[in-house]
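Right, one structure below, let's go through it.
The first chain written gets the first letter, and so on, giving A, B, C and D; residue counts start at 1 in each chain.
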Amino acid sequence: MIHFDGVGKRYPTGVAALSQVTVRIDPGEFVFLVGPTGSGKSTFLKLIQAIERPTTGRVVVDGDDVGALPAAAVPRLRRRLGVVFQEFKLLPDRTVADNVAFALRVTGTDPVEIGPRVQWALETVGMAPRADDLPARLSGGEQQRVCLARAIVTRPRVVLADEPTGNLDPEAAWEIVQLLARINLRGTTVLVSTHNPTLVDILRRRVIELCAGRIVRDEARGLYQATR
Amino acid sequence: MLADAAAGLRRNGLMAAAATTTMALALLVAGGGFVVSANLAHLAGTLEAQVEVVGFFRRDVPPAAQERVLAQTVALGGTSAATLVTRAEALRRLQQTYRSMASVPAVLPGNPLPDSIEVRVADPRRIREVAEALRAMEGVEDVVYGAAVVDRVIALTRAVRVAGLVATALLVGCALVIIVNTIRLAVAARRQEIEIMALVGASPGFVRGPFLVEGLLQGAAAALAATVALTAAYLVLAARAAASLPFLPVLAPGAVLPAALAVLWSLGLVVGLGGSEIGLRRYLTA
Amino acid sequence: MLADAAAGLRRNGLMAAAATTTMALALLVAGGGFVVSANLAHLAGTLEAQVEVVGFFRRDVPPAAQERVLAQTVALGGTSAATLVTRAEALRRLQQTYRSMASVPAVLPGNPLPDSIEVRVADPRRIREVAEALRAMEGVEDVVYGAAVVDRVIALTRAVRVAGLVATALLVGCALVIIVNTIRLAVAARRQEIEIMALVGASPGFVRGPFLVEGLLQGAAAALAATVALTAAYLVLAARAAASLPFLPVLAPGAVLPAALAVLWSLGLVVGLGGSEIGLRRYLTA
Amino acid sequence: MIHFDGVGKRYPTGVAALSQVTVRIDPGEFVFLVGPTGSGKSTFLKLIQAIERPTTGRVVVDGDDVGALPAAAVPRLRRRLGVVFQEFKLLPDRTVADNVAFALRVTGTDPVEIGPRVQWALETVGMAPRADDLPARLSGGEQQRVCLARAIVTRPRVVLADEPTGNLDPEAAWEIVQLLARINLRGTTVLVSTHNPTLVDILRRRVIELCAGRIVRDEARGLYQATR
């Protein structure tokens, strides 16, 4: 599904965000990506989406060499991924429902299907009552849930969630992670970066820990902290 | 996609209004320049058409011979009109111009003026040629064509045409740059939207589509506004000019507006579309 | 604050460049309109100055009496020039115009033309008055002043002046709206910056300051560019016109450019400042 | 210092974000503001900054009735507050150092002082090496630390921090909270909204809990969860 092969990413500023990352994530896996601030988690997820290209090594997603993907093929790649961005990236001048519907319209979904599926996604994250509000009128946690709705509405084969619970209270965070786990049960590959030890420790799924751009730990049923 | 574009315009109301007004004004200026320049060219043409060559006959040339000269002149080609003027007619005209000469026939033993032939030349640059040919004809004593006046008219009409073309080209060029800049600014103000579209997997075409249609709609709206303004202004001004300046040759609205509006609409549509395209290119490289 | 504004312009390079180019072009169009209209007004004035009244003397009026009429005419006021023309001079002119009349003196017993007085009127609208006064003077037999021509010239010059004013006003108005819109778009593209400034406690003045200075700098840059372009174009065109159209009265650059540039600079500065102010107001209400 | 007196806030959309909130926060206090997503924490902090105005009741800050403050007096109020916004609100086209310096320049600080104070603030949050980077080139946690540097650089009498550790790993989060505690020791009033139970439970400071816009708990040395 996702295969990093000796991947390095050095930003033009000279920062080496990732070095010699080799890892394989199989279809249907649920993976927590942990590590301190600036360790390269977001960069890892951006490489999968071809937002950034690796400076060395190969990133293969679903058989495509993402690093060498022609610009014209990038949209097709991104449509197969459902992404929760760390900075939300909601369109400020469209309603919650429009923001979620947007991901469907982009993929050319049959218009009659869009309404029900948006409704389903918003109900899943508990934001259906706010469908007609603008993002600026939502609290931080509410915006984060709208992002998640947008990520799952296309029923993608892979969900990438960058810090999807950063603005949520423990209870809401727990609900979101359970939701991701349910989606994973349906066969969707889920990759979640997080700083929340509780969630990781309760769920006990595969944990990949980054530190200064290198994989320092990769455990099948890991905890947030390495067990010494 | 049309619905998307309309929604986009509604959401960005102020920006769309600003861009469209700017485009409309720029188009109006360009269209106005075109109309004015067409009228100047027409004026120049009218002046040129008034340039004439006069050939004076010897006093003994009979009307039949004069008719032959007339036929030969017409056969020359390059003339737009040629008429014979009798000495009687010439005197009448002179008396009309100089009223104090009304008494001349009473004073004089006879009419001192010669018969003549008046020739209008289609292209004033061929006037010398026509004059020489006329001078060589049988019975023609002298040929007058006001070389200085002809030179002036040729110079003036050329200047007017060049000035009109240059002004129109400049105004159209200005309108173009202004419109492209306006759309580019409007797109820059929405770069966030463009970025997010790309991130959720919209193909470049899908991102571009609504913007291009929006640009096209704006171009059309601007062209429509400019059309209304230009047509109304020209109808009023042309009517006014015809009433108070009957001697000034103003083009009929039907003769100049279609071309001006064609320029204006093509400019509006092409630039609306092209401007959006250019404005977008910057944000679609990633 | 100047440094802030300069930094702002650098950061928003593309946007600033687009806005400044647009302003420069709009100013150029407005300035060009002003120059053209000033030249048309000048042309109208020249035409008016050429309108004249001719009085014909009875054949028995002696030169001394003619001199008295001349003095009385000048004393009337409202005339810009008055000269006596002898019948000999009049015949010479006629012969120049109609070359075939060169033989007249030989044919005629004498010169059939009268002596005359030619008067130029400062203000063509007073021409009738001058003509009547002249007609009432002793020894004046007839007065000619081409009423039709005078009416035409008056109508033409009025039309030219009005058209020039209207065109300039329109172009200046368009330039104004275009510039304000451009700045408004540029400010809209930076609303985030403005919002954050307000959130960290910048006073409205502190937020506005750099934007206003930026607007002023852009206005000045645009005015400078338009100044260079307009001056260069006018110098070249005026020289060309003077060379190839010597009879067309073109204003000397020194006579028209200062006023045109004054218009252009005030427009650039005022609108640069005012446009920023208007563009900002929208985001400073919170 | 900060006094809410029967405050209600109903947004134009009809959402009642706060109702009958009466609370007093004294100079030098350290307060955690907790509560589920959408409970009104950000609204509470926005009322203090006059970003929003109360629909009923009075908000008094430092003797000023904020709800009735004329627009011209708002900047003066905001300069006395150091704020970490939930959405960061960094200027994207200025460097980290410029973003921090900005808060000083706004207050008319002597230019020769600006450099050293920016340096101090960036060192305090551990971002000095990234002074010349643009915000877009930082990870989420790094941006959050820059926001904190901007909030403290003016040495304000009150620091408001809306979810200042949402994007930080536990260690970095703990450092930030310790930093806020140190600032508090110097006499600065600190008000922190958070979803992080660990921090609240370790520090044991005053905890105000909001739920659906009402204060449901106010304990002097509280925990994240109410003790039943």
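The rule we apply is simple: a residue touches a chain if its C-beta (ideal position, glycine included) is under 8 Å from a C-beta of that chain, and two chains touch if they have at least 3 such contacts.
Remember, it's a predicted structure, so these values are computed and weren't measured experimentally.
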Neighbouring chains shared between chain A and chain D, ordered by label: none
Centroid comparison with chain B (C-alpha atoms), farthest chain: D
Cα-centroid distance, chain B relative to chain D, in whole angstrom: 68
Averaged-CA centre spacing for the pair chain D and chain C, given as whole angstrom: 64
Shared interface positions of chain A, touching two or more other chains: none
Touching two or more other chains - residues of chain B: none
Overall pattern in which the protein chains touch one another (line/ring/star/complete/other): ring
Chain pairs that touch, as defined at the top of this document: A-B, A-D, B-C, C-D
Touching residues on chain B, where the partner in the complex is chain A: 11-12, 192-193, 195-204, 206, 286
Sites on chain A touched by chain B in the complex: 49, 51, 71-72, 75-79, 81, 83, 85, 89-94, 102-103, 106-107, 150
Chain D-facing residues of chain A, complex: 11, 13, 15, 34-38, 41-42, 86-87, 133, 137-142, 145, 162-163, 166-173, 195, 197-198, 224
Residue ranges of chain B in contact with chain C within the complex: 14-15, 18-19, 21-22, 25-26, 28-29, 32, 56, 94, 98-101, 103-104, 107-109, 112-114, 116, 141-142, 144, 152, 155-156, 158-159, 163, 167, 170-171, 174, 177-178, 181-182, 184-186, 188-189, 237, 240-241, 244-245, 247-248, 282
